[in-house]
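A, B, C and D are the chain letters, set down in written order, and residue numbers restart from 1 in every chain.
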Amino acid sequence: MIYSILTLFDIILILTMLWLAWCLLNTEDIFKAVVLFISFGLLMALAWVRMRAPDVALAEAALGAGLTGPLFLSALRRMNRTRKGERRLDSDENREKEHKANQEQG
Amino acid sequence: MSWMHTIFALILLPAIATGMFRILRGPTAADRMMTAQLFGTCGVAILLLLSTGMGNPVLLDIALVFALLAALATITFVRRTWHGSNKRNHGNPL
Amino acid sequence: MIRDHHVPRGSTLFDVNRHSFLRILVFSAVWWVLTGSDISSWIVGIPAVLIASKLSLMLSPPSQCPLSLLGALHFIPFFLYQSFRGGIDVMRRTLLRQQLLDPGLVSYVTILPRGSARIFFVNTISLLPGTLSAKLDENQVTVHTLDRGMPVWANIQALEYHVAALMNISTQKKNCL
Amino acid sequence: MAATKETMEILYNCGTLFIILGLPFFLSGTVGLIRFPDIYTRLHALTKADNVGLGCIVCGLALQSGSWAVTAKLLLIWLLVLVASSASCHLIARSAMQKNIEPWTRS
């Protein structure tokens, strides 16, 4: 009895995680992706618990959800600031500008 | 091992899964972050129930970590991400 | 923040007055809860407890309005009952078919002194039925309420009274510092 | 020892009742998060319902555990969640006010 219930629990957990991962990879909004990542970390910890690895679950909860999440959020602010200061290092616009400059020189 | 607690944990799992809609749809960033908080609280409850259901008291420690760190993410969000995004309108960041 | 109090800051590391003894007791209890009845864990535990109590005394020095035991005995049942009512209230509003919401902002002027009492008060408002503290300017708390028909004012006043009793603040005096 | 066994059983059943009582709070918290119209009302649903639900579950599990150590740990977890969620709830609401997000009103 208990094993069938736990199996059902696992199936729902796996489906939720797959859905979450799919949304996470598909989303365009970076902030949304970060929140989805934090949620994914929490569910991943639950998954480790179900795989009978509570120590890994502890590490996952602490690192995946607790440290990486705030780190990403802080990084997001830096990114916004850079964008406002018109200094987007990695953007397509910059690359185009460089390309044009190169062409003019050439 | 107790099947009853496992069933209770199973009931709470859809509560998490439904919260996903708010992440996908939430108009403001805070709505999305609140869902992460919901995941934290529900995760704590599921872990508490599973610790009896699977007969493993170690899970209580994981629940403790969940409780601490879900809040950390929210606080970082409010102080770093959300506040910083339009500082021009309100000069007083906290 | 309460900064202007006279606690012997530059005292020796482990001078045992009432405050530090209490904190050491609390942190020892937390350590016991975390590690269980394993005696060997106290090899790490005793230094950890001492460092934690020293740090907590440095970061949040003891106020002149200490907790009162009698106030706590009144506060805890009040808090549990009110938060349970809050949960029931939210459940009713979410699960019923028609929306029972009539939200609005209410502003409340508190007599609690600045510092831990006021912060505690603002944080507990959020757990009361139908209220959510949204802003704190000096002694003015802006409260968001789910239903303007509820006796929000009376609820908050009752909470304020209980917090004052918990922190040993007389409600007549404007400022206890 | 029959009497103690009986009391244990009664405590266990009381605990089960408490846990069953706690589950609807969690579900209503999620429903509120989905259904409520604006950020402030959603915060109401999230903090209150979830804290009470967790409180009921903690209470039930503590009654069933029958050991003081586990009870203390459960209470510590609940206290942490309580502090964390009320603080972050206030922070979010305050930032929303500072950003001039208007509360939804019935009109």
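Structure notes:
The rule is short, and it goes like this: a contact is a pair of C-beta atoms (placed from the backbone, for glycine too) under 8 Å apart; a residue touches a chain by one contact, two chains touch by 3 or more.
All of these numbers come straight from a predicted model, not from anything done at the bench.
Averaging C-alpha coordinates per chain places the centre of subunit C 17 Å away from that of subunit D. Put simply, the C-alpha centre of subunit B and that of subunit C have 22 angstrom between them.
For the pair subunit A and subunit C, the distance between C-alpha centroids works out to 35 Å. Annotation for subunit B: residues touching 2 or more other chains are 16, 33, 35, 61, 64, 68, 70. Counting only residues that touch two or more partner chains, subunit D has 29, 31, 43, 51, 53, 73, 76, 87, 96. Multi-chain contact residues, meaning those touching two or more other chains, do not occur anywhere in subunit A. In terms of which chains touch, the assembly is arranged as an unbranched chain of neighbours. This structure has the following touching chain pairs: A-B, B-D, C-D.
Contacts from subunit D toward subunit C in the complex involve residues 24-25, 28-29, 31-32, 35-38, 40-41, 43-45, 47-49, 51-53, 55, 69, 72-73, 76, 82-83, 86-87, 89-90, 93-94, 96-97, 103-106.
Put simply, subunit B touches subunit D in their complex at residues 4-5, 8, 11-12, 15-16, 18-19, 21-22, 28, 30-31, 33-35, 37-38, 41-42, 44-45, 48-49, 52, 57, 60, 63-64, 67-68, 70-71, 74-75, 78-79, 82-83, 86, 89-90, 92. Considering their complex, residues 1-2, 5-6, 8-9, 12-13, 15-16, 19-20, 23, 31-32, 35-36, 38-39, 42-43, 45-46, 49, 54, 57-58, 61-62, 65-67, 69-70, 73-74, 76-77, 80-81 of subunit A touch subunit B.
For subunit B in complex with subunit A, the touching residues are 1-3, 6-7, 9-10, 13-14, 16-17, 20, 23-24, 29, 32-33, 35-36, 39-40, 43, 46-47, 50, 53-54, 56, 58-59, 61-62, 65-66, 68-70, 72-73, 76-77, 80-81, 84-85. Residues 16, 19-20, 22-23, 26-27, 29-31, 33-34, 39, 42-43, 46, 50-51, 53-54, 57-58, 61, 64-65, 70, 73-74, 76-77, 80-81, 84-85, 87-88, 91-92, 95-96, 98-101 of subunit D touch subunit B in their complex.
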